[in-house]
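Let me give you the structure first, and then I'll get to my questions.
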């Protein structure tokens, strides 16, 4: 990928379109952090493309002064796949929501991930349909009361990380809209990853689902509710890092390990690079309020990308080509009429 | 569900349409076993509905003298969901293929599963598109040479069981087209399960992908390549049941346990009912040729079905109803013009 | 200050008007929709005929004070029967500069313009894109401008109550409402009652709202600002019990009514989409009438599930708008070939593609007719008013079940959101919808069931799972005649393609004859369809009043056309077809009857106005 | 027994014919397609003009011997230039009873019927649904029946080779081929060469195949069975180098050619579907010409990925058939509103819904034009012959890139699978396709890039990612004129809706004037479109030869229509429109020009035949 010659600043990525999210919407913070992250990637602005579906979150490309496409509902990964497979020199980002990406668009997301197309997928999960004014989404908790479920929804929620693992994604992470540093680090990691990167970003929809992620954003609650994953490090959390995760057969157990006389090194150690996604899957099952929810990188493994292999096979074929197009036309049984 | 008054026989389920699969196609054996299983379920024939998408496998409903619909490609779960939610008294079966169910139709399958709609989904996996004459499918192995991938496909395969687990299915099983008894047992279990049952059935496409599952169907090879899951029992396999699965952290290890001086009870014990799907996920990662492939029931947990809850909430509402339709019309601000 | 007292304190000139169109506009947060609704209620109780149209901003809330955040509510109230929310505004109330900028173009010359001048700060002016303060330059000279310090006056009115700053701000719409209630001589009673009921447990809020409401009223009465008060006498409406209703509400109620009349449960499959989501929101509230609502993962699943329900013997309905309707294309073809009853509602919005989701258009007509692979005819009908949405739903269900066919209802964002007074129908006066599911008896002793054997209307039986002896299979492959098996036979295919087409064509015998308003023969016919009715009717009626030979007919049945349509078309010298697209009905008429027509195509995401049609009529007739 | 020797041993009567239509039919496993192709090669090398049509069974292989398993290959060879694979058969070869049953209806009275009598066992007769052996009852009396024991004779011919039973069975098609090669006086050379090349490393197979081929030939020569040998002299073809080509092959090559001419890579996104899959199979072989092929998860992904590629500056192409085209509806609307170049190929098959996947139809014309929500015009073109598929692909690419618009190619299963001799074009004789991507220079110093600022053709610039300074956003929301930002402004919307329509309309100036064959004015014009060309042309030509004033024109451009079309239509008394649907072009013509036409609608999943058109012409002209 081309390196940027200019030194860019976040403001270079602003467009002249008014940002139209509701004042106080969690999307603003994500926008700001992406604008801060991009200049650190050393990619020329013109080589970056944001592609989205439809939703509040999907208005995102309009607010980034890069190339961008706000496409149709749920299909952003298909456009991104075509683009990246055509132009491997570009840095291609998909912006989607829990409705866009997991309701109508689940299939495309899955196929992009299993193919390991080198695109970065950011799923803004606010557990609601924002743009259409507040219906429950596939990530809304069971029993959620919304406009379309006045007596509580009967849908069990999908777990985006488990689901992405079932789809064989090579890079999977989670962060929270209000975690500036953490988000930027995760974004950088995703950008560096060769292959599909799937990031779930908890986002607060002020209007239709305010406070859903309070357990994660509240400074006090956060200690007990969030587990920050770090490769090679033991899984500890709590205000005084006093709690940790033990492996009990195939299920997690939360233990105040210090109290119980253990050290950090008796705890489960995180391994982003585990070839099989079983550890990551195990972690994805840890959900609030029963467990601290892991944020950070669940999985980051290397495998060749679809677009890379396509490009290579094409380049090889072009190099090995021995005939002109005219000769191709002449191939096969021919005869001359005089 | 209504009980059958008649005693039915497999032949009662035959239709007058010629079965048009290629002679020797693996679908025949599945058809025969389903015909044998249905009479054992005690469900009246007229209460059974088979719904399929498009594909060789999806011709199935035409060959069953029950109610049936051969719908459009990939969408069978949507029709089945609508039907079951409208008519909870029916026994609704979805027949799909690896292309129909996992390529175009992955999203619907996922949503049916996460909602736990009480339908039985049989995915005939032959790792190829049969009906369209031999292109690779999402389950075809990487590098597969087919009509649409003459130099080998660049798509990484999806693992149907892992994927169904990511979609939170409550019942997941695998069987093989040539395992008569096993298949019938799995089918019966699926029929008894309240909720979505997802069964992957390995199927041999004689014409476009012959021999793919030889490791599982060959009497000799089978011993070493297949692990039959039984709830509450240790995971042993091999001609003399001499091999077993140990849990090594979160990864499986195959050990000749007897030789190594262990007993069966030192091995991993299967638990279909584990609330979290982590064990099932772990098992789904065991693939030929590195591991014996598990067949049987990976997971079978109880949770309320979507259609059941919908029905109940409707019945309750109807019972609690205090107004007639005319009264409904009169609700809200009204005024009289004289 | 309630109506009784009011009369005694009267001391300004009162001018009596035939009808008035006003619009309240402000920021999304300013409560204009609510104020508008309350004004409407008062008008309705007073006895006027009304028609209203809320104009929401784009889907996402824009920052306060911006153009994109402006929300409006238009009310047409009259002493005559009216059919549209009105073209031009007699009066406009704007709560901030952005609202002024967005709405001013619709205000009549010399119209009343009430402005909350407190909001015309430099910052707000800039947000609205004004370089100068329009209240200070001369740009509003063509209007009767009344600058009022609504914010300040409201604060003063409620200051005795213990309210937070935010709460105070939320009451100012009632000040504005009070003010215009005085101006247009509306009683406050119904609003006061509503406030008391709504905030039952919060006396401070009740007090504050009522205080400011009255303060606004008094402000009009007392100050010298307004020289005249306007009075619109009651209309002579059809006697009966009324409520008001939007098109989407009426469509929902109509579906429930149809379920009732057919003694069927309804399965409604939908995926949220503007402006159809309200159907979902409304229907989900009515489980107790046997309505099963399923929020699907997308529109393909929505229609798929509805077809599944129909296969099972319920009435499957799927509701959506443009992009979602596009996604239903393939499955709709399946409903055609399987011949299952189904109702698909497309509340059209401005396209192509995502287009302008909150704006109405009639751009999907040709798609509804032809947008499927292969020959796949189906009936298409369109409601013409909010109240007619109720009838249309019932009619669609009737046709779907009687003819075993999918039916498309083409509503649009205009009729869906327009709010009209509606005379509550007496459901016992409606004909029952007959539905028969065959039982084993149909076999008459033979072994074989013929699921595609047709009756005199070419309709196949609706056998449903659970019926012993009638087990059958259907699907998307071409069917063998009668048996429904799979057939590749050439002549069988041709026969079935033609039979399916003929079945739909014959429905023409079973639908209402096209009605014409105005002379039966004449110079010009305005042929409209769907929601363009109101404007077309009014324009034609106005012309008739002026003595011109202008008739109007509004097509509800777009496929098949009414039997007498050709005859009607031949009875007029000229035919004008106004529609919110580039001429799709015009195209159909020309193709079908080879009759040259004139189009009035308006594709602005806004309803066609009466005066636009009138102008066009005048041009065609060569008057003016 | 090669041609040279052949002449010397000649001893039967030879009858010279103008043209012959034969069909080889048998079970799917009988190798009829291969035998047919080899016969074709021999004919072509001999110098005849040919046209062939393979008729595959349904998608799934049916059990051997059943009606559903029958596979046929039809060859029309002639000493004149021909345009269709022929209506009725002069000769039919059937390898089993099922093949007889399926194909007999197409054999001319007194036609030659060669039957492999070995297969007429009770079991096979039953499978084919015969109660009696048709060789034994009198039912074939109207034909010249030649029962031959092909199975047995073939076994005898190859018995000296070491073959398994299965292998022996696989050679019998060559016996049949030998036999008809004698009957129609075709040299064996090319087939022998092909066998030798194909089975290079398997001498037993070479020997067996050649032996039985010659045995078949000799059988015809030697036995008393056939009294006459037929001879069809070479045609006078346009000189040049030829090969044969199917429509799908030509379309694929055309796309590669277009890539070449535009110096662009092509991105082909597709999901397998009959009868379009061969495009995928073909294109994936040609990576070396810069063709990126992506087998997507469905058709939505196929078109989405193609649009993504186009946004990136490649030429995106998506290929599919009916049901897949339906799924592309929504995304196609996006391509319209974003104004990105794109080619979508719909190889039409019999619908509605899944319909009859292996059978051709022209049922998606109106869908291609109107099947999207909102006003979303796009160019539609249709190839008329296999060779024309090549030109059509190039033309579609040219229009798409020059006008920044999606273009739909409406091919069909008939032209896609028909095999015609094709004079290999000289690519250097084609005009280059010019493509420009603007660079920063376009800004001319200003800061702002206007991605929707249009040129004289109303076309916007194709700026692509990677270009510094031209970063822009696009999408499905209505665009602000010029800037491409989001706009809900009513007049802006109307302007853009009309501009997009006008842009497509203007393409009419840039396409070929419609050609007419026959008199420029006259009694009747046969107006066909797409693959109906061959039959329409031949029928009109036949009528002209008989002295009638009949012309024919084949529309390649369905939207916009050629400029001179109206004039042409007005130059004939009567217009006949034959099409494989219920009259879709007829509908368009009537809507567009208010001209009454006569339709010839054939919806049988089979091409329209020359005689059917001729009969219709005769009826219209009142002759007979």
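Which chain is which? They are A, B, C and D, in the order written, and residues in each are numbered from 1.
To be clear about the criterion, contacts are C-beta pairs under 8 Å (C-beta built on N, C-alpha and C of every residue); 3 or more make two chains touch, one makes a residue touch a chain.
All of these numbers come straight from a predicted model, not from anything done at the bench.
Novice: Based on CA centres, what chain would you say lies at the far end from subunit A?
Specialist: Ranked by distance of C-alpha centres from subunit A, the top chain is D.
Novice: A-C versus B-C: which has more C-beta pairs touching?
Specialist: If we tally the C-beta pairs in contact for B-C and A-C, the bigger total goes to B-C.
Novice: How big is the gap, in whole Å, between where the Cα atoms of subunit C centre and where those of subunit D centre?
Specialist: 47
Novice: Quick check: how many Å separate the C-alpha centres of subunit B and subunit C?
Specialist: Going by mean C-alpha positions, subunit B sits 45 Å from subunit C.
Novice: Report the inter-centroid distance (CA atoms only) between subunit A and subunit B in whole Å.
Specialist: Taking the average C-alpha coordinate of subunit A and of subunit B, the gap between them is 29 Å.
Novice: Need the CA-centroid distance for the pair subunit A / subunit C, whole Å please.
Specialist: Taking the average C-alpha coordinate of subunit A and of subunit C, the gap between them is 40 Å.
Novice: What are the residues of subunit B that contact at least two other chains?
Specialist: 54, 70, 72, 103-104, 106-107, 111, 138, 155, 310, 313
Novice: Residues of subunit C touching 2+ other chains?
Specialist: 58, 68, 297-298, 323, 330, 334, 338, 353-354, 475-477
Novice: List the residues on subunit B that touch subunit C in their complex, please.
Specialist: Subunit B reaches subunit C through residues 2, 15-17, 44-49, 51, 54, 61-62, 64-72, 75, 77-87, 89-90, 107-108, 111, 310, 313-314, 317-318, 320-321, 325-326, 328-330, 332-338.
Novice: Using the touch rule from the top, collect the residues of subunit D that touch subunit B in their complex.
Specialist: By the definition above, subunit D touches subunit B via 58-64, 66, 68, 271-274, 277, 280-281, 284-285, 293, 295, 297-299, 323, 353-354.
Novice: If we count contacts the way the header does, which residues on subunit D are in touch with subunit C in the complex?
Specialist: 58, 68, 322-323, 325-327, 329-330, 333-334, 336-338, 348, 350-356, 358-359, 361, 363-364, 366-367, 369-376, 475-478, 488, 490-491, 493-494, 497-498, 501, 581-582, 587-588, 590-592, 594-596, 602-606
Novice: List the residues on subunit B that touch subunit D in their complex, please.
Specialist: 18-23, 54, 56, 59, 70, 72-74, 103-104, 106, 129-133, 135-136, 138, 147-150, 153, 155, 207
Novice: Considering only the defined contacts, which subunit C positions touch subunit B in the complex?
Specialist: 41, 44-45, 47, 190, 237-244, 253, 256-257, 260, 265, 267, 269, 286-290, 292, 294, 296-298, 300-309, 311-314, 316, 330-331, 334, 338, 423-428, 465-477, 485-486
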